[in-house]
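Look for chain A in each of the two complexes below; its partner is chain B in the first and chain C in the second.
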Partner chain A sequence: MHNIAYYPGCSGQGTSTEYDRSTRAICQALDIALTDVEDWSCCGSSPAHTVNHVLSAALSARNLAQVEAMGMTRVATPCPSCLSNLRTATHKMKDPDFQSKANALLDTPYRNTVDVQSVLQVLAEHVDPEYIKSKVVNPLTGIKIACYYGCIMNRPPALMQFDHHENPMAMDNLMAAIGAEVVPFPLKVECCGASFGIPRGDIVHKLSGKLLDAGRRLGADCFVTACPLCQMNLDLRQGQINDALHENFKIPIFYYTQLLGYALGLDRAELGFEKLCVDPRRALGKIKQPAQTR
Partner chain B sequence: MQIFDLAAADHAFIAEVQARSHQDIKTCYQCGNCTAGCPYTFAYDYSVSQIMRLIQTGQKDAVLKSRSIWLCGSCQSCTTRCPNNIDVALIMDVCRHMAREAGYATERAVKVFADSFLNSVSRYGRAFELGLMTEYMARSGRIFTDVDLAPSALMRNKLPFKPHRIQGRDQVARIFERFRKGGAHA
Partner chain C sequence: MRIGVFICHCGSNIAGTVDCPSVAATALTYPDVVFSTDTMYACSEPGQDAIIQAVKEKNLDGVVVASCTPRMHEQTFRRAVERAGLNRYMFEMANIREHVSWIGKTKDLNTNKAAELVRMAVEKLRRNRPLFAKRFETVKRVLVIGGGVAGIQAALDCADGGQEVVLVEREQSIGGKMAKLDKTFPTVDCSSCVLGPKMVDIAQHPNITLYTCSEVESVGGYVGNFQVTIRKKATYVDWSKCTGCGLCVEKCPSRKHPDTFNEGLCTAPSINIPFPQAIPKKAAINAASCIMLTKGKCGVCAKVCPVKCIDFEQKDELVTVDVGAVVVATGYDLFDWHKYPQYGEGRYKDVITSMQYERLLSASGPTGGHIKRPSDGKEPKNVVFIQCVGSRDRSVNRPYCSGFCCMYTAKQAILTKDHVPDSQSFVFYMDIRSPGKMYDEFTRRAMEEYGAQYVRGRVSMIYPQDDKLIVRGADTLAGTQVEVPADLVVLAVGAESARGAVQLGEKLRVAPDQYGFFVESHPKLKPVETNTAGVFLAGACQGPKDIPASVGQGSAAASKVLGLLSKKELESDPAVSRVNPGRCVGCGKCVQTCPFGAIKMIEDRFGNPKAEVIDTVCQGCGICTVTCPQGAIQLEHFTDNQILAEVNALCPPKMFANFE
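Let's turn to the complex of A and B:
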């Protein structure tokens, strides 16, 4: 049993509640105990680091100090943007001069004793794939998946220290382990347009459109992603992308946790397929029902 | 073609970018690998390798008034692929910090979005999506931003109407307060 502090991130309370819920559900099913960071606050996301790095580190470090106060040394988050900020704060605060500047903004200083990982990394590195396979009740046989990691889950490699920075395989391996056919998706780490959706929608339409186009060419029935912002750009904005690019994409964009939960036979209410904007039923219909043996 | 006066290099600017980014700007030999991998070049006025060259040659105004530094998505492709291990994305960030401090915002909507986001965090301790959208629309004047998405998002309960106010929101507000008073650089 792993006991890890859990940092949900703001989007998990709003635009990506289905990611948060399905993450909690699969961790419970795989004996990973998550304890929410007490009274956690926003990591500052992209806006903070584009304004100032000390401010950004302080906003992240408040949460890491909360983890220290809980007597824990490891925190996991589902969101790559939170992950990147929390890890950057940890990394930069190894420099004593930077650390004192960031701590000067905080009520409670951060002593830098916490290791930050993505939930995906916890699954990939601390859970035996054979154990996951043994728990599968609905193998994903018959569905073709493009695994999209987004730009910062693995980059830059010196900071993220997880998987491969050009060709990550953690989600591919996970989806293959639960029976899906994984297409070799060449744009795994290309940027979707990140947080420009609101101020410069045209940029997101172009970059996310390129991803959808590549997935379609490979015959993918759906994408899986590990990032709330990527998911939102590809799913919620898919209609805008179609209008802007004169396209007709209808590609469902799942969180990998939703399909993992489906394979593990978890309660559908915890998986939140109804939250997806692009109707996932056709893609889910590709999954062959297991032959009745009993 | 744009011509820059190399004799008019602003050496203090070069030194400041180096000091704030802890990167050795002169090791860039213009291979263009950063630009080759940059997904945003189509929207930039100067490509990222051109920004690097403009910094090397001390062209402060051109850099700080460029659109590119506001449109970098921090996707880390340049940093990951630089053969000389220059953290190029960090340099783009530092230039954006300096542009803000100098009062420039050539992509004003991008700046207003970031400000609205952080105001929301400062107020509640967490980002409140509907609130920050409202502030963004009011301050940018772009009142129809993404209204087409509203039915889809609201129908799926993806946009809570009320913010999550955390217990320690004063602690978070104090982070912003101390930052504004101290003007911390790094």
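Let's turn to the complex of A and C:
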């Protein structure tokens, strides 16, 4: 039984509630006890560090200090952007000078004792794949998946220290373990356009369109992602992309946790497939029914 | 004793930050110093003449020169004092350039330090005694290690000069990297046509003994008298009988291991002759993949061999030879590009190295000289070359330029157009480095006549799309990102030191630099000498080099060997260890610690065990002197008393302070 502090992040409360819910559901099913960080607040997200690095680190460190107050040493977050901010704060505060500046902004100083990981890293490094396999009730046989990690889950490598920064395999291995056919998707860590969706939609249309095109060429039935922003750009904006590029993509974009939950036979209500914009039913229909129901 | 001191200005090299006249004046106050002066260039002819004149006029019996490093001019000044009629060991040198003027900026402190170094030299010189070199004969035979083009050239030149040559090559055939090349720049002439005759000369020269599939096991001795043990690795074929008919190669049923001569582009039979022009043209068995040697049954080669030369029982053999000099020509290896994740780490079959591309271009290569890409055998139309893969990149600890990649990439772009006229080459480069006769003209031809598109920038990723590889990079001249759909990507991999170079260097006492290339004696003036007398360097083992430079160094090393061995006798350095039998208790510790085996135990006339130094083997390292519990063994010219005198000169004992 793993006991880990859990930092949901703001998108988990809004645009990616299905990511948050399915993450909690699969962790429960895999005996990972998540305890929410008490009174958690924004990690600083993209705006803070564009203005002030000390402020950005302090916003993240406040949450990490909360983890320390809970008497815990490991915190996991589903969101790569939160992960990046929390880890950057931890890294920068190794410098005593910087640490005192950031702590000056906080009521409770952060002592830098917390290890920050993504939920994906917890699953990849601390859960035996054989154990996951043993829990599978609906193997994903028959569905072809492109695993898309996004640009910051593994990069910069010296900071993230997880998997491979050009060719990560954690999600590929996880999806293969639950029976899916994983296509050799070459653009795993390419940019989706990120927050340019608002000021410069054309950039997202071009970059995300390229990802969808590469997935389609490989015959992928769907994508899985681990990032709320990637998922939003590929899923919510897929219609815009189709309009802009005169394309006709209909590729559902799952969170990896949703398909993992599906394979583990969890309650569909917890997985939130209904929240997806691109209808996932055709892709899910590719999954062969398990033997016992035949 | 009457000592003369000469403080050299070395132009402004020393005088710029050291007050030389003041150092000379201070030196005059040191014990036994009767003459002291400063001089503009002590090493120049007038400078040396002044030393000789002073010795004669002032009746000096010892000389100190404070100037540059002894590595530079100790021999020069020793010869000068000898011409003045003194023993050459009645001379000391203080290094006030490398150790003072070049490293310190404050003139007062520098002047003070220079004076102290002179004081140390004077104190040592006061305890010097004349030493006399012994003479010994040299073995008129030379060992050449490595049978690439540099080693081949060195071996042929030495052999033509009348010396016996032993050529040792690790691989099955000589020829090295050059034998794998299709054409050579900038003339685009056939590599094996140029090299082939030289390889045949090696085989046929009466003065040359060739050992291939062999490595140097150990090296003992010293200049003029090296003892070398060579390990002839088992080939499981009796080469005295093998005719190279190739019947066994045809019939061998085990053909799965990668063909190293063809850079792994195809597989090779377990018994093989690597290429048609191989010298010696003999078959050898790869023990790791041979069915007979791994599983104990098969033996097809033995059955078909018309001369019955297969011997599965063959063992490694050790051969010992005496040589007077050694030429190291061990070449280089190619950088392992898999360290770069952005090129796919081997996931994409159509990303190959430049050397693999040479084999695809070569008529004797796996595709018979037709360019076929590895994945599906199709002829590529768009070929992308990426330069500086493992060169000029600190992130992979290869900050140096490999020097020849710009040229061979241009050559390969030209050959691509020759082979596939409707093809288009793209070259991603950082800078074009083509200094050399007809070199820059050559790269221009690739661009202007053969239409290769040169893109200045690095490649950030390669990814597959359908049956193409998309190469994404920066075009830093246009300030934009470019993506090129490629059918084949060729990585211009850089050079790194040959595997095993560092270990070989240890055996030969030749130091490698931080990248494993051997260090020459002087970067400008002694490019093929090493700091171990009698051991010379040729070719890319000293640093990346193209063919003309390697051949030039092969000949240069050979001329050094011929010069050395043309002397009937050599003088040994008398600065060797000496045992005082009265103090020696015969414990034998020095015998155990001597790294050169230069000390043996003898019995004196009363039957007591005593140590004795073999003069010609001793290298004067001094390890024995610090090992001896009795202080019975002393290094001539560097005795304990001499070194302690130097220490005392620097830090005078303060005992008298207690009696104030």
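Methods note: the second predicted complex is superposed on the first by the 292 of 294 C-alpha atoms of A that agree within 3 Å, B and C clash if a C-alpha of one lies under 4 Å from a C-alpha of the other, contacts with A are read in each partner's own complex, and residues count from 1 in each chain.
FYI, a contact is a pair of C-beta atoms (placed from the backbone, for glycine too) under 8 Å apart; a residue touches a chain by one contact, two chains touch by 3 or more.
Quick caveat, the model's predicted, so the values are computed rather than measured.
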{"item": "Which superposed partner A:Asn173 touches (first chain B, second chain C, both, neither)", "value": "neither"}
{"item": "Which superposed partner A:Asn242 touches (first chain B, second chain C, both, neither)", "value": "neither"}
{"item": "Larger contact residue set on chain A - chain B or chain C", "value": "B"}
{"item": "First (chain B), second (chain C), both or neither touched by A:Thr141", "value": "neither"}
{"item": "First (chain B), second (chain C), both or neither touched by A:Ala214", "value": "second"}
{"item": "Touched partner set for A:His165, first chain B, second chain C, both or neither", "value": "both"}
{"item": "First (chain B), second (chain C), both or neither touched by A:Gly193", "value": "first"}
{"item": "Contacts on chain A seen with chain B and repeated with chain C across the two complexes", "value": "165-166"}
{"item": "List of chain B residues in touch with chain A within their complex", "value": "39-40, 42-43, 71, 73-77, 79-80, 87, 89, 93, 96-97, 100, 107, 109-110, 112-115, 117-118, 121, 125-127, 129, 133, 136, 140, 145-146, 148-149, 152-153, 156-160, 164, 166-169, 171-172, 174-176, 178-179, 182, 184-186"}
{"item": "Residue ranges of chain A touching chain B (in the complex, touch as defined)", "value": "10-11, 13-17, 39-42, 44-55, 58-59, 62, 92, 98, 101, 104-108, 151-152, 155-157, 165-166, 189-191, 193-203, 206-207, 236-237, 239-240, 274-275, 277"}
{"item": "Residues of chain C that touch chain A when the two form their complex", "value": "341-342, 345, 347, 461, 463-466"}
{"item": "Residues of chain A that touch chain C when the two form their complex", "value": "164-167, 184, 186-187, 214, 217"}
